[in-house]
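Notes to accompany the following structure.
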Amino acid sequence: MTTKNELTKFLQNEFPQVSLSIESVGDRSATIRKKINHNHLRPGGTVSGPVLMEIADVALYVTILSEIGLVALAVTTNLNINFLRKPSSDSDIFAQCRLIKLGKTLAIGEVTIYSDGMAEPVAHAVGTYAIPPVN
Amino acid sequence: MTTKNELTKFLQNEFPQVSLSIESVGDRSATIRKKINHNHLRPGGTVSGPVLMEIADVALYVTILSEIGLVALAVTTNLNINFLRKPSSDSDIFAQCRLIKLGKTLAIGEVTIYSDGMAEPVAHAVGTYAIPPVN
Amino acid sequence: MTTKNELTKFLQNEFPQVSLSIESVGDRSATIRKKINHNHLRPGGTVSGPVLMEIADVALYVTILSEIGLVALAVTTNLNINFLRKPSSDSDIFAQCRLIKLGKTLAIGEVTIYSDGMAEPVAHAVGTYAIPPVN
Amino acid sequence: MTTKNELTKFLQNEFPQVSLSIESVGDRSATIRKKINHNHLRPGGTVSGPVLMEIADVALYVTILSEIGLVALAVTTNLNINFLRKPSSDSDIFAQCRLIKLGKTLAIGEVTIYSDGMAEPVAHAVGTYAIPPVN
């Protein structure tokens, strides 16, 4: 198990352009949070789809690394996302990820994405990461 | 049919943070291109997944708008992407989109994404947009 | 809310070739079960993928109809399924579905599929149904 | 390369319950065809979703085996399908598959599914197979 602090430091070093905070990790799960600003919006005053996709992808990455250690080269092989409701333009987005398979070469997880203050999720994703072989 | 120039101007106004150029549109298809810089890379020296997802999403959007007109409020409802090969870190990414359904309320297209100079695609996506009703 | 008995009768009338039983419905959720026989197997002595896809699809259908009533013409528009582990060839398959969106025109749910006696799921699906307009 | 006749014999032995014919194989592609009867229909007088999913899955399997040989234990790991239009209830269904990646451990392909006599496709799928290691 990798700690929240180790993961936070790793994420800041490896992905400095992605400004996300890790709220909790543990038991094949993680919750991450992103502050939304005007760069993340699209016409209609809502958070753009690609921002939600990035959050889903990073939530999966953080959850997998929390289990297997800081393996930077784990890569997404598939992501499927459904956009469910329009997020608020002035609330944080947070995402809860839960792994449904953690094998030697593949990990699969589902991510539920919320706009802070709304009861129902704004998006739901399922993704697969390939885990590089241990040398 | 919306022209390439109209689409380019629209994209620059509505999505100024997305730096993409439209290479061609027509016949329910479009090709778009993005210059890659170090902000788009991830560990392993390759283009990050979320950058490819954004390109897939915008390629669909451009192709749909080229057919239905500049309806800013068309929104993605589903996107499924497979990452196939590692893109080069110093080549443009370009994406070819082709609609497979253009209904009154839903449009579905597939997108093949290339790293310039590689023969085989680096990713493949299929996505659905909801088209807002005409008032 | 449609009752379990009403749904069972409806399913037997409309889909006589699909031999499934409904274990429970309620609160935007349902659990269904299917007895596996040799017609459902594939090389390697496991339940075939298409059988699991059918179970996922019917679990979604049953859960949606339990909420909106016996609308035979609701149709699947998208299904995404991940196969996680090899099911046992001589155990029932059961599936738990939970809706994550129930709109006027679209319903989206996720389905976790188990092989009876195994703790971990054998497959996970997310699907969308289009709900026909009320006349 | 495995020939059409070898594949047909293999399919009949390994999947006797699946009544499909192989129309052509070659160049990382294949076309298969299925006769539709009343067992394949659903309310609304159309071919049921699970029948189309099975055709997509088998089309991928046949195309992959045509390239790698008769490896019965190749298994689907992911399938994503969009249903585009209502197939005719009294026409054959045929499916054209094309591989977009053929790696050592994973193969990914897309499948376009038609109802004979209709110009536009009735469904489109993308799927991944895991290829077992050679001993």
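For reference, chains read A, B, C and D in written order, and residue numbers begin at 1 within each chain.
The rule we apply is simple: a contact is a pair of C-beta atoms (placed from the backbone, for glycine too) under 8 Å apart; a residue touches a chain by one contact, two chains touch by 3 or more.
Since the model is a prediction, treat every value here as computed from it, not as a measurement.
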Label-sorted list of chains bordering both chain B and chain D is A, C
Chain whose average C-alpha position is farthest from chain C's own:
B
Of C-D and B-C, pair with higher C-beta contact tally
C-D
Find the geometric centre of each of chain C and chain D from their Cα atoms only, then give the gap between the two centres in Å, rounded to an integer.
22
As a quick test, compute the distance in whole Å between the mean CA positions of chain A and chain C.
28
How many Å are there between the centre of chain B and the centre of chain C, using C-alpha atoms for each centre?
33
Residue ranges of chain A touching at least 2 other chains are 77-78, 80, 82, 128
Which chain C residues qualify as touching chain D in the complex?
14-15, 17, 39, 42-44, 48-50, 53-54, 57-58, 72-73, 75-83, 86
Within the complex, chain B is touched by chain D residues 80, 82, 84-85, 100-101, 108, 110, 112, 120-121, 124, 126, 128
For chain C, which residues count as touching chain B in their complex?
77-78, 80, 105-106, 128
